[in-house]
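Letters A, B, C and D mark the chains in the order given here, with residues in each chain numbered from 1 onward.
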Amino acid sequence: MTDSILTVSDIHKSFGALKASDGISLDLKPGEIHALIGPNGAGKSTLIKQIAGGLKPDSGTVWFNGKDVTGVSTAERARLGLGRTFQISALAMDYTVLENVVLGAVGQSGSAFSFFKPAMKDAALLKRARAALERVGLRKREETITSELSHGQRRQLEVAVALTLSPKAFLMDEPMAGMGGEGSKALTGFLQELKKEAPILLVEHDMDAVFALADRISVLVYGKIIATGNVDEVRSNPDVRVAYLGEEDAA
Amino acid sequence: MMRERHINMIILALLVLVPTYAHFAEEPFTITLATRAVIFALAGVGLNLALGQGGLVSFGHAAYFGMGGYAMGILASHAQNYEPIMEVPFLIEGTNSMPVIWLVAIVMSALLALLIGALSLRTTGVYFIMVTLAFGQMFYYFTISWPAYGGEDGLSIYVRNQFPGMNTLDPIQFFSICFVLLCAVLFLVNRLNKSPFGLALNGAHQNEERALTVGINVYRVRLVAFVISGAITGLAGALFADLNRFVSPTMFSWQISGEIMIFIILGGVARLFGPVAGAALYIMLEHFLGGLSEYWFIYLGAILLFVVLFAKGGIIGKLSRKEISHDG
Amino acid sequence: MHAFRVLGAAGIMALGLASGAVADGHGGKVKIGLITTLTGGGAALGVDIRDGFLLGIKQSGNDGIEVVVEDDQRKPDIAVQVADKMIQSEKVDIMTGIVFSNLALAVAPAATAQGKFYISPNAGPAQLAGKGCHENYFNVAWQNDGPHEAAGAHAKKLGFKNAFILAPNYPAGKDALTGFKRTYEGALAGELFTKLGQTDYAAEIAQIRASGADGIFFFLPGGMGISFLKQYAGSGIDLPVVGPAFSFDQTILAAVGDAALGIHNTAQWSPDIDNAANKAFVETFKAEYGRIPSIYASQAFDTANLIVSAAAKADVKDTDAFREALREADFASTRGDFRFGNNQHPIQDFYVREVIKDGDVFTNKIIGIGLEDRQDVYAAECKL
Amino acid sequence: MTTLLLIEQVLNGLQFGVMLFLMAAGLTLIFGVMGLINLAHGSLYMIGAFAAAAVAGWTGNFFLALVASLIAAAIIGALIELTVIRRLYDRDHLEQVLATFALILIFSEATRWVFGSFPLFLNIPDVLNGTVTLPGGIQYSLYRLTIILIGLAVAAGLFLLISKTRVGMRIRAGENDREMIAALGVDISVLYTMVFALGAALAGLSGALVGAIQSVEVGMGEPVLILAFVVIVIGGIGSIKGALAGAILVGLTDTLGRTMLPVIFGTFMEPSAATTVGSALASMLIYILMAGVLLYKPTGLFGST
């Protein structure tokens, strides 16, 4: 496990009687896309929050880049290099595209407490921001107000903002949701490239995408990981078929 | 359609021209009104940093306004009576020098804002509004019932404090001092809004999750903004006290907090010049509506209601036909 | 700020006093700025002051007097601003009208410092009566302590041995209790400061009941007094109560109702004072406004007549002569004899009044004298 | 301070708390269901008191006056909901605060315009006048006991309404999910108007009840409004249970604080200083309480996160 970027080990989280995380362990290795799937209510979002930092587990630890980050804030984890995208776009909608990525660069550079120099004229911030936009292909839209972007473009922008952090790992929550076939395809190719730079923990509903993309898959049901393995292993796992795929692959 | 920047320039120009005209037409009261507008604008610019840029709806900014006022009142009253403020462990004397008073007002209100902000920012939404209101009320009742500095009677300072090289009792000169301060603060706040800090503050307002996940310590950014905001409003309080040569607990009252918010919404939330336009408009409404009827508050209420319901973006928003400010 | 000009003091218009042609050099004319509370809490007092004052001016028939009325909203900063306006743009000669001490303290010193007369029709804070007295500051009502001192003297006379006293926790409240104690001299069963604006007094009433007091003195002006009296009446405690007139005034008696009946209160004026000036005043006030005048109206009426009397003797531009004319106080006061002490506050009798029901209307009638020819204690500190 | 006096003061605190609850219940209901901060709630309280005073003046009947206060406040409440308030549901809190602040200005001055500047007369009815002797020999005002009972009855009624009736189910659904309830075919705008009118009526009733032992005057609503806000913030905004708990906590803290603090300070300070310091601290006490509660639990005692 020493080469894992991200290691979740035996975390528990309960809300009253509901065990949302019931002894979950998983890890993310360099260069891989590790997909997390599971039916609604399986506890995916609770798990993500514990990994990203919004929620503290009752017990268990989260290691990131060789450091125990269990009690560390969201912002601190981001500065350590955890890049995150959201299911519902979390962007500053009134900002331009460029301002959003510069915001990412501000966070990355730790310059949020510099008070006098205009952010949008700071060469270092702009360079980092534009490089990220270039990567996702939004360089030409940098003056557009974010709320005017299409759904797919917002997704791209989310990735670009995460890229400004030069992350050591990505945590992506349903990046394919609501994308058309073309967009999905393009994004799939992009993620395949991206994983070489930093591994991706991918939470995804879109099974086709998951099977096309993932190097490994973990299946979460009722707060427990019932299976982890490559696509074929998971496909053939009887528990998974019953608990989850059974519904999807009824035909 | 006018650019917001042009509108801002026109507002500033009017703020200079009207009192200048009044000076030569020998209508000192008009200068007093303009000074009042400038001081209220300054208070509004302070609140707008927290409220407009940061989305922190503070209903208790009267606390800093009052703190600034009392900084002036206490320093000047000790100077007036030739009594030191304290002698042990070291001697602190009163003063009637404006720059010193401003400095003390800024520092004291910043400290107060640090204290209140550190506690209040743990809450969000309505709770934040209400807890800031409660802190304001706390100071209001404290100043009323604490006898040392006049209680409800307040403190009268018979002569306006001094500024090197100026005759502060001359209305136009005092106006100039206030106006220059307003311009300086507008310049600084403008730089602040455009700085990485401003980007982070407003970014956190638009989407807190996003700011957190790019590694910005949102709580600390907000706290710093809240402190700067309180300090600016405190400076305005010190000037207001000097304008009236009087301070009293009403400076701490929740109606003052409400009025400062009204300047912002009348002018346009999160616009650099929103509070300036709003305060000027408010003073004009007060002046002219007050002449119409004993019940002029009804009209004021109706206008305010109209602006809130139908004129999002305030007057600057209406004039520039743009609901959201981008270059402000 | 609030700037409606009551030319609507319809009477003035009717008498053809005209707009005074707002010219600057009004030779022989007098321009008066009346700042009082006309909106929000306390407006009832301000309205009576305005009405009483304008009635006095109207009856004088002096068409050289112009009055500008403005509202202070009971906010000191507004009062200061209005005062600036009156001095700077209206160029008034005399200012008057303020109801509340804290507002008077904000305005009067500034006005007198700029060479204007300030003639107080109501508030009489100690600061302006003692060391801070000023040759251009006159008070026609009382120094704040007066009614409380009279109440103290009356409590002593009633044989209070163990009084319970309470007032709001603000400077005027503290002065009230000090004033009471100055003349009462007996023991205290309890002394309480309530929150300014407090409306529920159940806890205080319980303390009174438990204290073993033999009498109560309270100073709770305006709505606070109404609340206290109603709640006290329902408490079943049956101790004698004395207080200054502020909680038993015409402006609020109707709202208190039976709860105030029979209570002794102290004031320098009462609608039933038996002199020609007062009878005429009460009658004409009723005819003009359809209600019995309050103590505030009477003070404002006296203030108006004082100014009228001085204007008949001297030009207001001749400040020294006009001041002398004011000092003589050569007018028919509703209180009967009227004279100023060295600090230009009245030396006067304080009556004890009892709340009665006259037909359907609650009002006061005099039952004795609390203090005779009383001068405030601060006068000695005044160097005039 | 004797035990008996202490018990009486606790009763007074309870009673003050119940008075606050009547006001706070409507406020928290409106916030809970519609997410609206209504500063004009104090104006509805004032309208209730003025309507009661006017009707009591005409008819001499206190109970008619109470009914009038309910109806007047409910009607005015429904009117402002239809014209102004419903435009504010989707707005942010800042706009809600300012719009309802504007309503305060309008209502206060309009009331003064109609009724004049002088306080009105409203007294407790003869049947409720006087005191009763409680066990232990405490003499307590019958009217105040009645207020406690009415307040508790209102609390019980609201609990029943929300937990047991169809309307209550809709209200709870509305709290959780506006779209869901709209999809069920319930006309949500009618429901909102009804809830707002109900909250207004409660404010009006408390204005009338309290008006009988206090001063009925313009501006009477704002101090109690701020107290009611403190109450619901302490209790957790949107929770009726929280409003009741918060109201009683505030009532007890304020009453016991202002009677006991000067005594406590008197044990180690000279009397006049103790009175000054004690009274000053007492006037700030509930705000300190509120800050303390929020530090411990940023969404109030019964607030949901």
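The rule is simple: a contact is a pair of C-beta atoms (placed from the backbone, for glycine too) under 8 Å apart; a residue touches a chain by one contact, two chains touch by 3 or more.
If you're wondering where the values come from, they're calculated on a predicted model, not measured in any experiment.
J.: Can you give the shortest number of steps from chain B to chain C, where adjacent chains in the path must touch?
T.: Graph distance in the chain contact network comes out at 1.
J.: Between chain B and chain D, tell me the centre distance in angstrom, where each centre is the average of that chain's C-alpha atoms.
T.: Chain centroid spacing, chain B to chain D, equals 32 Å.
J.: Taking the mean of the CA coordinates per chain, how far is chain A from chain C in Å?
T.: 73
J.: Would you kindly tell me how far, in whole Å, the mean C-alpha position of chain B lies from that of chain A?
T.: That pair's centroid distance is 43 Å.
J.: Using Cα averages as centroids, what's the distance between chain A and chain D in whole Å?
T.: Inter-chain centre distance comes to 47 Å.
J.: Any chance you could list the residues of chain A touching two or more other chains?
T.: Within chain A, no residue touches at least two other chains.
J.: Could you pull out the residues of chain C that touch at least 2 other chains?
T.: 38-39, 169, 193, 195-196 - these are the residues of chain C that touch more than one other chain.
J.: Touching at least two other chains at once: which residues of chain B meet that condition?
T.: 141, 144-145, 147, 295-297 - these are the residues of chain B that touch more than one other chain.
J.: Judged by the touch rule stated earlier, which pairs of chains are there in contact?
T.: A-B, B-C, B-D, C-D
J.: Would you tell me which residues of chain D are touching chain C in their complex?
T.: Per the touch definition, chain D meets chain C at residues 1-2, 4-5, 8-9, 12-13, 15-16, 19, 108-109, 112, 117-121, 123-124, 129-131, 139, 141-144, 210, 212-220, 223-224, 255, 258-259, 262, 275-276, 279-280, 282-283.
J.: Per the contact definition, I'd like the list of chain B residues that touch chain D in the complex.
T.: For this pair, the touching residues of chain B are 51, 57, 59, 119, 122-127, 129-131, 133-135, 137-138, 141-142, 144-147, 254, 258, 261-262, 265, 269, 295-298, 300-302, 304-305, 308-309.
J.: Where on chain D does chain B make contact in their complex?
T.: Interface residues on chain D, with respect to chain B: 31, 37, 84, 87-88, 91-95, 97-99, 101-106, 108-110, 112-113, 226, 229-230, 233, 237, 276, 279-280, 283-284, 287-288, 290-291, 294-295, 298-300, 303.
J.: Quick check on the complex: what are the chain B residues that touch chain A?
T.: The contact residues of chain B facing chain A are 191-192, 194-200, 202-203, 206-207, 209-218, 220-221, 224, 324, 326.
J.: Looking at the complex, which residues from chain C come into contact with chain B?
T.: Touch list, chain C to chain B: 1-5, 38-39, 71, 75-77, 80-81, 84-85, 88-89, 101-102, 105-106, 109-110, 113, 125, 127, 169-172, 174, 193, 195-196.
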